[in-house]
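Just passing along the structure, written as structure tokens.
Labels A, B, C, D and E are assigned to the chains in the order they are written; within every chain, residues are numbered from 1.
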Amino acid sequence: MTAAAAARWSEGGGQMIAEATGVFSLTWLLIALPLFGAAVLLLGGRRTNSFGPVLATLLVGLSFVLGFVLFVQMLGHSAEERAFDQSLFAWAPIGDFSVDVGFQLDPLSMAFVLLVTFVGGLVHVYSLGYMADDPDKRRFFAYLNLFVASMLLLVLASSYVLVYVGWEGVGLASYLLIGFWNAKPEYATAAKKAFVMNRVGDIGMSLAIMLMVTTFGTTAFSGVFAGASEASSGVLLALGLLLLLAATGKSAQMPLQAWLGDAMAGPTPVSALIHAATMVTAGVYLIVRSNPIFDLSDGARLAVVLVGVLTLLFGAFVGTAKDDIKKALAASTMSQIGYMVLAAGLGPAGYAFAILHLMTHGFFKAGLFLGAGSVMHGMDDDVNMRRYGALRKAMPITFVTFGAGYLAIIGIPPFAGFFSKDKIIEAALTDNIWVGLAAILGAGITAFYMSRVMFMTFFGEKRWAKDAHPHESPGSMTIPMVLLAVGSVVLGAALVIGGRFVSWLEPVVGSAEEHEFAIPPLAITAIIVTVSLVGVAIAYAMYLRRPIPLEAPTGSVLTRAAREDFYQDAFNESLFMLPGQYLTRFLVFFDNRVVDGFVNGSAAMVGGGSARLRRWQTGFVRSYALSMLAGAVLVVGALVLVRL
Amino acid sequence: MNDFPVLTTLGVLPFAGALVVAALPRGRELLAKQIALAVTLVMLALTVAMALAFEPNAAEPFQFVEKTPWIEQFGINYAVGVDGIALVLIALAVSLAPVVILAGWNDADDNERHRPQTYFALLLALLGCIVYVFAATDLFLFYVAFEVMLVPVYFLIGMFGRGQRTYAAVKFLLYSLFGGLLLLAALIGLYVVSVRELGTGTFDWTLLAGMPIDPDTQKILFAGFFFAFAIKAPMVPLHTWLPDAAASATPATSTLLVGVLDKVATFAMLRLVIPIFPDASEWAAPFVVTLAVISIVYGALVAIGQTDMYRLIAYTSVSHFGFIILGIFAFTEIGGSGSVVYMVAHGLSTAALFIVAGYLVKRRGSSLIPSFGGVQRVAPILAGFFLFAGLASLAMPGMASFVGELTVLIGSYQRWPVAAAIAVIGIVLSSLYVLIMYQRVATGPATENVKGMRDVFPRELVAFAPIIALTIAVGVFPKPVFDVVNPAIERTYSFLNVEPVEPDVPDVDALTEYGVTEGEGTE
Amino acid sequence: MNPENYLYLATILFAIGSVGVLVRRNAIVVFMCIELMLNASNLAFVSFARLNGNIDGQVVAFFVMVVAAAEVVIGLAIIVTIFRTRRSASVDDPNLLKL
Amino acid sequence: MMPHLVEPFDTPSLEYQLLAPMLIVFGGAIIGVLVEAFAPRGARRGIQLVLSLLTLLAAFVALLVWTRPDLGQIVASGNVAIDGPAVFFQGTILVLSFMAFLLFAEREVDSAGDAFTPSAATIPGSESERELTAARVSQTEVWPLTLFSVGGMMLFVAADDLLTFFVALEVMSLPLYLLVGLARRRRLLSQEAALKYFLLGSFSSAFLIFGSAFLFGYSGSISFAGIYDSLSSGVELDPLLLVGTGLVSIGLFFKVGAVPFHSWVPDVYQGAPTPVTAFMASATKVAAFGAMLRLFYVALGDYDWNWRPMFWIVTILTIVVGSILAITQTDIKRMLAYSSVAQAGFILIGVTAASESGLSSTMFYLTAYGFATIGAFALVTLVRDGTAEATHLSRWAGLGRRSPVVAGVLALFLLSFAGIPLTSGFIGKFTVFEAAIDGGATPLAIVGAIFSAVAAFFYVRVIVLMYFSDSPEDAPTIAVPSALTTLSIAVCAAATVALGVFPGPVIDLAEQAASFIR
Amino acid sequence: MIELLSTAPPTSTGEAVAFWVLAPIAVIAAVMILLSRKAVHSALWMATTMIVLAVLFIMQGGIFLGVVQVVVYTGAVMMLFLFVLMLVGVDASDSFVETLRAQRVAGILLALGLGGMLVAAISRAAFPAAPGVGAANDGAGGHVEAIAQAIFTRYVFTFEVVSIVLITAAVGAMALTHKELLTPRKPHGQLSVERIRGEHPTPYPSPGVYARHNAVDTPALLPDGSASEASVPDELRRQGTVRYTELEAAREQESEGGTPR
């Protein structure tokens, strides 16, 4: 299989990818529109307060429309001719090396363009309502536009350097949006944490780029992939691991998962768009995009699988213990991305399913978050599910849309999540039975904690705070939720039945030869659904049948650990932060006292020497004569000694 | 254009301006400022014209050359000319000059001892020295400018600084003189070698570059040159003058000092050290690269621990200079060109940081980070500028520093993979020092400290806008800079004997052999 | 006897003179010791003149005497001036200029 | 008279044109003495001033007209060599002396008159001193005495045998011993300085003449050429040559103020009347170095491998000790004195190079240094506390604001001492380092470079005080000098800048002149 | 040195005897200069040394020099020394307590070191022969003639210059010691007339009354503690040798003011 994948590229990248012409030459506009919006809103200042948010929304909408037009155009081409390359200008030409600002529009990026612009547009619309009363609304929309632009740049880039640009851009937007309400110090801290952990991941990206240039002399996809098969296995393994490191940072995979929970500090639309639907999936995109490299390195793929499995279980366990609705959803995001990463690690057998799950997840998780936002909107920004309950009456639309998302995520047929997750677990089982079993276990836990969220929020008794008056959200918020809910319901079926999506992506990621597994697919599906239902049942028993205390019970050791994210922060703190702080403090001391102290010390020494020497100048003429006589002995001695 | 002595005009104009400004009587402060600004704007126009007339791919190394005998007994000429690197750095200096003058418009007004006239005269004089340092193609002229430059900076810090200004000024001067005098010794040594090698002694770069020097002499002379530039750059452990100087100087001074003047060192490494001492440069490269990496990590770590904004910025510069030197001593075209772009980027980002910090300090009267908090609440545009400056410093894509940092890292990885891999840690540390400072200063609820703080004035806005524009322009479209710099870098490295770096898998069609060490890049 | 002995004598006198400059406090005695050193030099000149068979040494000695006489005049004048101000001829007393 | 006596007695012929500069100076001085004897008291000062300046001018003109730096000639039966270095140094001495004489004549800065005591014979603080002061009497003997000293210096740099060498040294020194003790203010210090200078000076001359005896013993000749000729004659007498060289050099090291023969420098420079200090620090140093160069380059020319190690030691000691000691000084005159010690070390670097470029670089350095020194000391006379000079450094605080011109010009001189480019000091350092490295004395250049930075510290400290510190409450007054001092300072400042920016002509001259004849 | 002795040219026995008698005298006299408490004694020992040296000059053919040594040095210079000694107090004797630490030990050691090196150098030098100055004298027709010829031909310029030294000495001594009078000295008659016509016809108070000393140069103290100008002779006042207590205080102040601290 590896040879096949490599062959596609090594036969000459240029042949497959056509110069972008016609309507495809407008690819750059996809990015430019929201970027323009961000620039106008940021530079325009208060003058744009009135129309800014709407303009931003419109621009993203335009971007979506353009994306859709391109998509339709692309459908008009045969499967092999759906990749277009647009080179705008040479960015950093140095000798033989050059980085061009160029875009590559192919089925994979097309899928992302549609997801990003569509969900992004919906979130913009939603935010019009959600942020209506915020004085800094304009800035918020500017950041959102900036994010959309960066995300589009990330997925449309035709070289790793440009991917890196988008990669950092979304990181910046994420930082700005998480810290949007940074008047709260912990929100500011959360934003910083997210950025810094992402930067740790970026080490991988940087090093990968450096290694690519050294190895291939370029970072353009075409060049790198074409040369991949000629590179040594060591380089490929290294590249794979480095890209994985980058992906773990951006996609909150282990070991760089800790920022995502805190990132919920941002306004909920942000959580929906960035920390659920799009940005956090960039890592998956990166791995899938780099498939020619991963195809050639079993070791790298194994690492990817391991990260995916660990994270999906980790996120799932954490999700069971969270009372904060957004944090529970965040844990779930982490877990779901774990699935995608797992799938991506399976190689050609899983790439398409990873992206498929990414798409469906984008819809249902965004829907869930927007629903959560709607709930919070109605509950005066309270996020503690223990003070919710029985909201289905108060917020019917929210309930229904949230419910659709819920069913999709736990994989109930025929909701979207069922199709995508089912495929991943199947592929995993085919690859390795234990990986598959872990994935099934994850599905069960997912069902449990998502049911818990559902039950605690919409069912049971009212546990509201005294002055809470839950109400349904305005149309600008509910309409996007409805649209997303529709997607959660139908997208899976629409994409999977007939293998449409898989074949759509095939030119990019290749395809795996069918692999027969001992158990027929239908049985597997049955098992998965059963396990999920068991999870729902347990949740039902625990959270619907029993009253939910307002204060969280102490719980078992495991619960407490999960509630604390398995002490990830304590771990990071004791392993990195504290030693880092000590090191910093020590170095500051070292710098002041030792390095600078040496300098000042030498100066003081000269001064001291001066003071000491000065005492020889006693003022007594006889002492001076003595020193002259000593000098005479010295001078004559020196002359005589030379001749000895 | 070719006959017009544009470089001399550029160099002399600020000195003339300085004399005029200094001669203005008390009470004509505003006129002094206006003249200073006008002079810098004229210089900017000249520089733009020069840049437009510059031929990047010309055969001769220098353009706009002027040469007149000066001290013939020692073969010293008044010789100026620019290559791509010098052009870019002069452009940087000249672009920043009006910005800092505008940004520091009132910095000298409340000084009880000295007149603003003196301040602006010194700034202009400094600018003149900077132009000469970059334009000199005669090593003696270079040295003269290199040393004379100390005088205005010394007075700028000592007369118009704050806090421990005297200590800082003296420390700066002595540190620099110490290096400078050793440089002088080495320069004379070089001259003596030139007498022996060429028959007549000379300080002419075109004759000295590539001159055969026996390896041992080369090493000694290299040491003299490098030591001076390592102090100036500044490299750990010779950096401690910088935080003190930056903490005491006015933002305008710091900007010119750190943003432009210290580039002289890295510029000289490219212009002088490598072409004249190629063998010694290769010999010392591992050592230099090690020091550079130490500077990167050490500077960043110490920056994280600072409580004074100015000191913090100074330490970030230590870290950034590490990158620049790493790029230079990578001996790859990518690293070299990258380092020049990095110099420009660092000039811009440091200027941004110092200027915004100056705005903040001016309002608050303190440069201590803990004495701020929640600035974003009361002065959102100012906070935005601050964040922008911080992002420019941490090499956010789309900004100039990203171009420099990425290319430096790529270029140095080609030759020194381990060093480059360690240097990458710098990108995490840079995000830490920038964001921690931003968090403490700008975020959180508005504290008592910043209540009533005014947002930026129009003048401050106008001063800062060009930096934003340039930072983004170079970040988005650095090609013009590369086009100008590349030939010069190529020429610089052509003096070396290092093997050119070729991609392991260069061309799909011409693949014959490749080999990459197992596990490379996993550090 | 060896004519070099005159040189040894000159050296010894010179050394004694130099010790005198260092250990005596009376300015006049110190000055005398310097004269002794000059005399020792003269002896050396005369002895070398003899050893070299060259009259120049004696001529130099003659000039040295003349110069020394002038020097004595000036030196004593200075000492007298100091004495009038300080009422002391000790070279240790004037030590306001130091460090 | 026995008849046979007359016959071999050839009338010696003197080359009057070449000796004219010296003869004019000596003649002017003798006329000055006669003026002292016969002119009425009131007229003396005016006559002496005009006479002295005219004498120097005439001597300089004679030097320009009758001598050429590129043609050397041994004159006066071999006693004197008028060659390039001699002419160069004589010219330098004349110019520097002229500048110093302008300071001698200054009567505006001190309300009581010039820098000299009205009568050295009166006792400090006595009634008669007060009377004489009130009568504005002045000790006009300083003029002829100084002219004698100038003549001695001119002869010193041209002396071509050991005898003339010694005599010239004494002609130069004896008036100086006297001049040092003639200060108007703080006469106790002045007299003490005179005593110290005199005792130590004669002590050092004793060494010099004893060493000369050994050199004579070695070669059988007292002429430098004779000594040089005998250098190759064999090793039997080499020990004499060695100790002779050593002892003679002690006298010279003393005069230039090299460590460890420097202890008199700070005391004497501080105690002497400041114009005399300026004169000594510049012209005397030029003369002493000129003589040193001639002795070591002419008489001991091919012998440098023997004396150079000793010079290395002394040079390094001088630079190090001078620079370090200056750091903790609190009196500006003492500080400048130690600075002159350190500068002597830098000049010694050039001497140690033992080459033609060493010679020319030393010549240039001395010229540059001489001007800056006179200028610096001239400025010291302007800052006054009531009547006396305010020499304590703390009194100089904040001067930059109160008197920007004085502070600025002093800063220029200090920067020149520190060796900042575009000042003469830089070119001077440049040339001596060049000579040293070219002559294989690279370590000396490196030591010189490092300690230049140390030395810069104390120069900079004065600038710090003047510009960065606040004035004391009872700030000293800054006297407005007459045209004489102003001219002197202006010329020195102009020379410092000109030699820094366009040193070419002077370097050219020095290089042309840089060849001794034997 | 021993083996060199054999090669060195011998001198006459008479000279050897004279040398071995005179040299110790010279050395002892020189040492005694150092060891005499009284400066006058030192001066006498100095004269002794000089006379011995004069003899040694003559023994080596320097007859003219020997005579000059006796006349100029022993005669004139030493007299000058003695004269000044008388002026500053002939009875004054030095204390032999060394106040400077290690001065004596260090001084003697260094002098020994220098002397040792010089002696070693002389002993290592191999003199070919000692022709004596006879030949040179003969060339000029006699000893004094030879010297005269040297001085007035070869060294005539230097000889002329030496005169400058002498003039300097004369002018210098005058400058330091001679005090010009601004007004002519008044005759005694005029003084007494002035006295009687002045405000103070009665005798002036005696010097030293109530003061710390009763010497003639110490003014009497008036009831308010200030010094009475009138109690000391005019001449002393003019010379400035009056011991004013205030004056001394003023002097101290001045000297402190000039001390760098």
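Simple rule for what comes next: contacts are C-beta pairs under 8 Å (C-beta built on N, C-alpha and C of every residue); 3 or more make two chains touch, one makes a residue touch a chain.
In this text the structure is predicted, and so the values were computed from the model without any measurement.
A.B. asks: Which chains, if any, touch chain A and chain D both?
C.D. replies: B, C, E
A.B. asks: Steps needed, at minimum, to get from chain A to chain B via touching chains?
C.D. replies: Minimum number of steps from chain A to chain B: 1.
A.B. asks: Average the C-alpha coordinates of each chain, average all protein C-alpha coordinates together, and give the chain whose average is closest to the overall one.
C.D. replies: The chain sitting closest to the overall C-alpha centre is B.
A.B. asks: Could you quickly compare C-D and A-C and let me know which has more C-beta contacts?
C.D. replies: Looking at C-D and A-C side by side, C-D shows more C-beta contacts.
A.B. asks: Farthest chain from chain A, going by mean C-alpha coordinates, please.
C.D. replies: E
A.B. asks: Measure off the straight-line distance from the CA centroid of chain A to the CA centroid of chain E, and report it in whole Å.
C.D. replies: 99
A.B. asks: When the C-alpha atoms of chain B and chain D are each averaged to a single point, how far apart are the two points in Å?
C.D. replies: About 45 Å, centre to centre.
A.B. asks: Where the centres are mean C-alpha positions, what is the separation of chain B from chain E, in Å?
C.D. replies: The answer is 69 Å.
A.B. asks: Taking each chain's centre as its mean C-alpha position, how far apart are chain D and chain E in Å?
C.D. replies: Centres of chain D and chain E (C-alpha means) sit 28 Å apart.
A.B. asks: For chain D, jot down the residues that touch at least 2 other chains.
C.D. replies: Within chain D, the residues that touch at least two other chains are 120-121, 123-124, 163, 167, 170, 174, 177-178, 181, 188-189, 195-196, 199, 203, 207, 214, 217, 238-239, 242-243, 266-267, 270, 457.
A.B. asks: Counting only residues that touch at least two other chains, what does the list for chain A look like?
C.D. replies: Within chain A, residues 603, 614, 617-623, 625-626, 629-630, 632, 636, 640 contact more than one other chain.
A.B. asks: Two or more other chains in contact with one residue: find those residues in chain B.
C.D. replies: 174, in rising order.
A.B. asks: Kindly provide every pair of chains that touch.
C.D. replies: Applying the touch rule to all chain pairs gives A-B, A-C, A-D, A-E, B-D, C-D, C-E, D-E.
A.B. asks: State the interface residues of chain E toward chain C in the complex, per the touch definition above.
C.D. replies: 4-5, 8-11, 13, 15-16, 19-20, 23, 26-27, 30-31, 33-34, 39, 42-43, 46, 49-50, 53, 56-57, 60-62, 64-65, 68-69, 72-73, 76-77, 80-81, 84-85, 87-89, 92, 94-95, 98-100, 103-104, 106-108, 111-112, 114-115, 118-119, 122-123, 127, 130-137, 140, 146-147, 150-151, 155, 158-159, 162, 165-166, 168-170, 172-173, 176-177, 241, 255, 258-260
A.B. asks: Over in the complex, which chain D residues touch chain B? Could you list them?
C.D. replies: 398, 401, 415, 418-422, 426-427, 429-430, 433-434, 437-438, 442, 445-446, 448-450, 452-453, 456-457, 460-461, 464, 467-470, 502-504, 507-508, 511
A.B. asks: Please give the residue numbers of chain B that touch chain A in the complex, ascending.
C.D. replies: 171, 174-175, 236-237, 239-241, 298, 301-302, 304-306, 333-334, 337-338, 374, 376-377, 380-381, 384, 391, 396-398, 402-403, 406-407, 409-411, 413-414, 417, 420-421, 424-425, 427-428, 431-432, 435-436, 439, 443-446, 477-479, 482-483, 486, 489-490, 501-506, 508, 511, 514-522
A.B. asks: State the interface residues of chain C toward chain D in the complex, per the touch definition above.
C.D. replies: Those in contact with chain D are residues 7, 10, 14, 17-18, 21, 27, 30-31, 34, 37-38, 40-41, 44-45, 47-49, 51-54, 56-57, 59-60, 63-64, 67, 70-71, 74-75, 77-79, 81-82, 84-86, 91, 94-98.
A.B. asks: Under the stated contact criterion, what part of chain E meets chain A in this complex?
C.D. replies: Where chain E meets chain A, its residues are 100, 103, 106-107, 110-111, 113-114, 117-118, 120-121.
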